[in-house]
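I have placed the structure first, in the form of structure tokens, so that the comments after it can refer back to it.
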Amino acid sequence: MKKLINSVDAIVTDTLRGVAAAHPSLRVDFENRVIYRRNAPHQGKVGLVSGGGAGHEPLHGGFVGYGMLDAACPGEVFTSPVPDQMIEASKGVDGGAGVLHIVKNYTGDVLNFEMAAELCADEGIEVASVLVNDDVAVQDSLYTAGRRGTGATLFVEKIAGALAETGAPLAEVARLAQEVNERSRSFGVALSAGTVPAAGKPTFDLSDTEIELGIGIHGEPGRTRTTHREAREIARLAMDAVNDDVPLSGDTLVLLNGMGGTPLLELYIMYGEVAAYLEEKGARAVRCLVGNYVTSLDMQGFSVSVCRLTDELTRLWDAPVETPGLRWAADRPHG
Amino acid sequence: MKKLINSVDAIVTDTLRGVAAAHPSLRVDFENRVIYRRNAPHQGKVGLVSGGGAGHEPLHGGFVGYGMLDAACPGEVFTSPVPDQMIEASKGVDGGAGVLHIVKNYTGDVLNFEMAAELCADEGIEVASVLVNDDVAVQDSLYTAGRRGTGATLFVEKIAGALAETGAPLAEVARLAQEVNERSRSFGVALSAGTVPAAGKPTFDLSDTEIELGIGIHGEPGRTRTTHREAREIARLAMDAVNDDVPLSGDTLVLLNGMGGTPLLELYIMYGEVAAYLEEKGARAVRCLVGNYVTSLDMQGFSVSVCRLTDELTRLWDAPVETPGLRWAADRPHG
Amino acid sequence: MDTSFFLAWIKEAASAVQAERDHLTQLDAAIGDADHGANLDRGFAAVRQTLADTPPQTPGGVLVQAGSALIRKVGGASGPLYGTAFRQMGRALGDAPEITPADLVTALEAAQEGVQKLGGAAEGDKTLVDAFAPAVRALAQAVRDGAKLEDALETATAAAQEGAQATVPLQARKGRASYLGPRSVGHEDPGAASTALIFAALRRAAGQA
Amino acid sequence: MDTSFFLAWIKEAASAVQAERDHLTQLDAAIGDADHGANLDRGFAAVRQTLADTPPQTPGGVLVQAGSALIRKVGGASGPLYGTAFRQMGRALGDAPEITPADLVTALEAAQEGVQKLGGAAEGDKTLVDAFAPAVRALAQAVRDGAKLEDALETATAAAQEGAQATVPLQARKGRASYLGPRSVGHEDPGAASTALIFAALRRAAGQA
């Protein structure tokens, strides 16, 4: 294993150091491991807090800023952060309007955020939580921990963040976050697994002719393995899984997401196939992102997330955002 | 080799299809393989054209838009485009104020752009060219093809693009582009080589304990191979090479660039080390980018580019830009 | 069993986790995300640190403090679960200075209940509960039967180890491994494996006392 | 040598490049960017296509059209260089319907001059010039000595092949390989290798005539 790190133990601290140096719009609390908007808390605005294991950058720290998160708590690589971080972050962003916890549905994240929310309540901070669980690769049944939260987390953070900037109350921001999650579905495919630094080798092995379908963002193996094939067919496998879950129609927001080790060139090829698939189903990608947004270290592969838009969601998606990982202005020059 | 492609021959076409589908602000001429700003040409504005082999995305196509390029010509993977493309692009962006060709210094790019410039002149289009050659890994002597153009290409495209939006004449835009290039230096390090699809295997092999210093963006091996070491020391090797060439001082713009296969996490770690190095030398990184901007397929590694700023360059760097790969507004919300 | 007995247990557990760190991580790589060993090792290192910095005066104090440190330092699923386990044990013991085997059983039963309430896992779901529950049952039975503490803990450890082994053929229904569906079959659950280590540490602490 | 002779040459060259595509690419992987085989193969396929679509009527026409197609389709360093070579040859031949060996020598000398003017490479810089220049010299000498065309081309091919082999110990001073400095030593230059293929194709065309 070769990584650009100083030591396995220093990964999170050193990353935070880089983030702090790179982004004067952020404030980094190294002691508590929280990344804040520089001027947090914002009076009267609902504070948005998310967090999760490191290794998914730019998620979540890269989405802290105007129009998105107020704070992010990075855990160790692929390990959910601890309640102390979330409590500290919630205190730091509460401008009197309460705090929304955006939690990806993993047992670890859920348990730690739950504990934090309880302790926040003890300290008089109003907290609402939204659970993101968009990954159709996992059966949502009594026999699993439920669906994983993956790409749709970005949708929830962006759209709920935009609503929070308008001064909407906590219950409304939480309801909308929930709605975005419900309207979103994702599916991921790996060509190779990433290497968790502490483990020192890829979390699973694939031969030169195999791909893994339905992977999550923690290097978990997927549900099935199949033979590698051309981009068009792989796109179809992924999109069929999404479409079988909720038939695609109307205007959609699409995230064609790289897992960290796949060139943008290939992501654009996949996006072309996904857009064609949507058209075939009578749906349209009216907004999209193509790139590395919700990654899994150096995993090679992609995930596709689709959110069925409403006018409100489109408007909030288009609202200005100013974070290291996502930024656009209200009136951007065109053409 | 596993890639998300339909076939090796269709890579560029399929990528263009994805780009066209993803970015309504762009217009793609599939026949001639040119990516334009949707409303090109812009009357009275100098047109900026760049191009180069595919495999470096978002360079160049991702930098077409307001405040940057007017058109980009993608060649085959790692192969410079052909004169026909550049001529077509130059015609398509000439708004009467002439066209600037931004050329990375590689024999192929230089020869093809030279041929194109000659033929443009025959057709009455005023063309100026700027050669980007920022890579200190290559000795600039009679015994080489000269220094390669790497990360500074982004600086040149952004800053010259911003000046062009002000209506500055061609000679001035070309002069400034030249100045940006002269003020910039870069150095790259690979942990592993990328795989050119047509070749089917990595362009060079590194063991689990070796890294390659002074690599370019085409999977060329570097000048030396050394043992892998911690991030801090690798940053020092790269920055020493830059600093030995032109001592670092004052305000700088830094690009901590991923080569395509390295997680953002590691790039932030490297940026932290680079920022510390600069401080040690009495210089400061007052502007920066951290991410995959000038890539080399799925190569693992990074490059660092430093531009010594002037007030004018800082102002133009901060000017609004609206492209798929780089965007910010004049008055962006802060904190 | 006094305060130093429980300090000895924690120390033994911490050493065992450190020694088996890579093994636990590799188990987690197979059906999870390859961090269980690193998580627990980080957590128990913090536990040792806090116990050294501010040594508690009662068995209950040791366990509550250890549990809090785990919650504070581990993260992941195992942090809140093991943290809750130790905290519940400690709370069940109150501030008693000396603990009987029957108290220990009660405390471990409280721990198990806390874990199951928090994580919602039943036996057979392929989690650490599959090692924890049989170990607690075996201990309770042995103590009821009047076995010597060391022997009772020997039995409990064996039950934990068997329980961990018995997770191999199961399909996971909780935690990250459940995402794999049928592909989770054929692998030992990492949390069950670490639970067995923790019971073995308890057995060793009794041997030293 | 008439139009069909030059068409045969192009066809032979295209086949050779296609057959050696991977070999050329692997040579380029060692000291370049692993595309030389793919580049030339794409170029010669386009040349074949254009010659089939609109067959030229003179040897010069064949070569100019071939060169233009290479410039239009190859890209990279080799596109403009080989394109210029063929175009200069074609222009040197004008619209003569029948070409003598001496004309061929003149045309190839013009080609070499065009390549060197464009690329600025001298012999010894480890480029295709290192195969091209000795081949042209050998051909000129053989023709001056009154050798049969086939034999003269045999000599030229051998000189190109030797020239290509002789690039192995050289350090590159032009093109992408020059970035490697001393590490470019020990590898055959891909462009020199493809030049040798093109001369061998010329020799085969003469054998068929």
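Every chain is named by a letter (A, B, C and D) in the order it is written, and numbering of its residues begins at 1.
FYI, a contact is a pair of C-beta atoms (placed from the backbone, for glycine too) under 8 Å apart; a residue touches a chain by one contact, two chains touch by 3 or more.
These numbers were taken from a predicted model, which means no experiment stands behind them.
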Components of the interchain contact network lacking chain A: B, D | C
Neighbouring chains shared between chain B and chain D, ordered by label: none
Taking each chain's C-alpha mean as its centre, the one farthest from chain B: C
Centre distance in Å when chain C and chain D are each reduced to the mean of their C-alpha atoms: 74
Where chain A and chain B are represented by their mean Cα positions, the distance between them in whole Å: 28
Centre-to-centre distance between chain D and chain A (centres being mean Cα positions), rounded to whole Å: 54
Inter-centroid spacing, chain C versus chain A (mean Cα positions, whole Å): 32
Residues of chain C touching at least two other chains: none
Chain A: positions in contact with at least two other chains: 77
Chain contact graph, described as a line, ring, star, complete graph or other shape: line
Interchain contacts (touch definition) - all pairs: A-B, A-C, B-D
Footprint of chain B on chain A - complex, ascending: 1-7, 11, 14-15, 17-22, 25, 37-40, 54-55, 57-58, 62, 66-67, 77, 191-192, 194, 206, 208-209, 211, 228, 230-232, 234, 256, 260-273, 275-276, 285, 288, 290, 292, 295, 297-298, 300-302, 320, 322, 324, 327-335
Chain A contact footprint on chain C (complex, rising order): 25-26, 29, 31-35, 37-39, 42, 71-81, 118-119, 171, 173-176, 178-181, 183
In the complex with chain D, residue positions of chain B that touch it: 53, 75-84, 106-108, 111-112, 114-115, 137-139, 142-145, 148, 196, 198-199, 201, 203-204, 216, 218-221, 223
